[in-house]
Amino acid sequence: MKERMSTPAVEVSNLTKVFSLGLRKEYVVAVDNLSFRVEAGEVYGLIGPNGSGKSTTMKVVLGLMAASKGSAKVFGLDSGDIRARNEIGFLPENPYFYKHLTGAETLRFYGKLCGMRGAALAKRTAELLKLVDLEGAANRRLGGYSKGMLQRIGLAQALVQHPRLVILDEPTAGVDPIGSRQIRDLILRLRDEGYTVFLCSHLLEQVQEVCDRVGILFRGRMRREGTLDELIAIEGQTTLTLEGASPALLERLRATVAEEGAEVLAEGHPRTSLEQLFIQIAERGGEENQPS
Amino acid sequence: MKRLFQRLPRTVPVLALLAAFGLARGPIEEGLRARLVAANLLVPPPAQSAFEQMRQSVLMATLGGLRPLAATYLSLEAFDHFSTKSWDDLRRSYEIVTSLEPRDETHWVAVVWHLGINATANMEIDGRLPAFERERRFKEYAFQAIDFAERGIAQLPESAAIRLQLVEVYREKLKDDCAASRVYGDTIGLPGAPGFVRRFHGYYMARCPGREKEAYAYLTALYREGKSQRKPTLIKEIQDLEKKLGIPVPQRIPEADPDRPRPNQAPRRSSNVLPGGIVVP
Amino acid sequence: MRPVPLFSPGRVATIASGTVTQLIRMKTFYFLLAFALVVVAAGNFNLPATPAQELSMIKKVSFGTMDLFAWLFAIVATALLIPRDQEDRTLYTILSKPVRRVEYLLGKLGGVLVVVGVSLVAMYAICATMIGVRESLFVAAEVEAMQADGRYSEEDIAGQVGLIRQQGLRPELAIAVLAFFLKAAVVAAVTIFLSTFASSSLFTIIVSILVFLVGHAHTMASSFWLHESGNSAFVRMLVKVVKILIPDFQLFAFSEGVVLGEAVVWPLVWQMGGLTLAYLAVFLLLSLLVFVDKEF
């Protein structure tokens, strides 16, 4: 387990966000009394189906939206605080930057917004272009970038001012398997370099591969939260992983299990997948959460 | 709608600030307007009557702050009326143009020239109308030109150009030498007034019945000013007056050469030639 | 925690220069070509008019067009920029950097104003060239004609040349350009304000143009309606409310006097500059009131 620092990178407490629709009294509760923490240095993944409130939560954390109730803090600062934003790099879902700027110009633009200048900025720009493997396209306008390239320049843009926290909204949406693998490797690299990463996704395998901890959001509420191991472990079930077991040994074990009244459920891959868990929760949530 | 609802509480401070600013700037802007108008930099809105005559498009342009463009457009249109000899349409166009831009001298000069010179000339030769009607309209256009000129002079009291155009109407069309002399006299000393207006003031005074003595005194005074004023016409006019008034020979000016061929009357163009030698069709 | 300046002119400048780049790369400067065409056309009017009249006409058409282009450009550029950033979600990435919303608004307005200013200078250069060329041609022709005639004294010729020069290229014309700029600045600020709560660019453009038109008409409206007894109290109320809410753009028409050749009264020019600043400050404040806790 990672060492827990005193101030969490993100601390969301009792966050509720209500959107009113029109003048008639119609509301959408996008986020409902949500609380969670992202510790400094970890990779935290928020997962949930479409419309479950992931992007809304991130926008509140970024100060792009005000909470209807509750609060969101970044490194102990209110999310609206400009100093907090200096510590955050954000990649929105389906990012879209100024089409008329080239990749390098885009990075310089965002760098300048963070108060960077001159040689330091030039160095950082080159560094990031290399990191996201866009050196070849540095002087091409974004109008001609593919979706994957946009996503990568977006990631570079998020990192420009050396933020301590990186917030990624669906970082691999619309990116092909190889591209999303690159992005996943990048995220892991960021974690190794000490960044805190807070991402959300509905692509579970990826969350599974990179996240230290995961929160499952459904209809604005946190359904399950914990380390991957905790979440995926199935209570009342135990896995034995044997090495070099002979077929005879396995046969004896099966017999013993049967004697004890237990049952061998599966052999081979012993774990459930995050995906199954996810679907389970969605199904259960769907039953109890019929719109009133 | 959704957006509006979310921000309903904001509309109160926004409206309050807007209203407070509106109330605060009201008197300041009125004061500024008055001073800008006094400095002739700002033209007050045209009279209601001018608006009533405007077509929709011109009205819109005028209201939209495109007054100079609207005025230019109408004056171009007036040139069109001029080429088709639609003098009444031309007058109406200039009514609007001059009320849109009362401080643009060129509009006043143009309308006086069109009505006073071109329209009257057209009445002298227009074979489609009976003689009586032509004569009546001739006078009508000449007087309309004089009316425009007077309004222009009221707007631009310093304008030499309007007066010089007006004087041509008196001189060439109405043959009113007394009025011509008076207008030349008014022009003396105005900014941009040519040097000849002082002499011409005298020449036409000399032809104004009853003012010969005054003219003689005035012209001899000019003569005594020196060589620069001693144009052939001046000498000729003085000599004519000397004879007419029976001035004793010793008092007469020395340049006695009565048979000297009479020179052209100084800077005077025929009415269809403009400065710069532009000939009007 | 790294320190972040509370207000940074550098961030404003970055957003402003980004806006300028955007407008340039959107090829908006092509409208200068259209302007040059208008000026060249106006310069080649062939009218039976005196040189002074013709110069005055060239001047009025080109300066009138300059005015029109400046305010229209200010409205359209401003109305396109912010809603576009919002629609494209570029705004998310900008506002999630340490950028204050007031800095964003100032930067956008500043960028538009730089482009309007540069365009005005360019348009002025085009106009000045045309007027200067025509003026010297007219003067040369006039002097030649008068000298050839032989009856005119130097004094007469100088008088005639003076008449032409008066309608020609005078340095004070730059003050008219300044007036256009001030007006465009106020229009841009009003447009920014509208665009902070309007949901589409088209709506912003239409409303801004309406505000602009009414802003020219309300002096006339008040002289017609406020002083006439025949109107109902309701109409009078309405005129007063409109007068209070809508800027008085008519004041900026002092450019017309300058173009016609009236003497420039400097204190009045400074006062108009001050008034413009007040408009900018108030409309930015209004925009900020709406924008500061706007959600995206």
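Think of it as A, B and C in the order they're written, each chain with its own count starting at 1.
Everything that follows uses one rule, which is that a contact is a pair of C-beta atoms (placed from the backbone, for glycine too) under 8 Å apart; a residue touches a chain by one contact, two chains touch by 3 or more.
Everything numeric in this text was worked out from a predicted model, so none of it was measured.
Among the other chains, the CA centroid farthest from that of chain C is the one of A.
Central chain assignment: C. Criterion: smallest distance from chain C-alpha mean to the mean of all protein C-alpha atoms.
Chain A and chain C have centres, each the mean of its CA atoms, that are 49 Å apart.
With centres defined as mean CA coordinates, chain C is found 32 Å away from chain B.
For this pair, chain A with chain B, the centres built from the Cα atoms lie 80 Å apart. Residue positions 295 of chain C each touch two or more of the other chains.
In chain B, the residues touching two or more other chains are 6. For chain A in complex with chain C, the touching residues are 59, 62-66, 75, 77, 82-83, 85-88, 90, 92, 94-98, 100-101, 105, 109-110, 112-115, 117, 154, 157, 161, 167.
Considering their complex, residues 3-4, 6-7, 10, 13-14, 17-19, 21-23, 25-26, 28-29, 32-33, 35-36, 39-43, 45, 48, 51, 60, 63-69, 71-72, 75-76, 79, 82, 101, 103-104, 106, 109-110, 161, 192-196, 228, 264, 266-267, 274-278, 280-281 of chain B touch chain C. Chain contact summary for the complex, chain C toward chain A: residues 1-6, 8, 10-11, 14-15, 18, 21-22, 25-26, 88-90, 92-100, 293, 295-296. Of all residues in chain C, those touching chain B in their complex are 45, 47-53, 56-57, 60-61, 63-65, 67-68, 71, 138, 141-142, 145, 151-153, 155-156, 159-160, 162-163, 166-167, 183, 197, 199, 212-213, 216-217, 219-220, 223-224, 243-245, 248-254, 256-260, 262-265, 268, 271-272, 275, 278, 282, 285-286, 289-290, 294-295.
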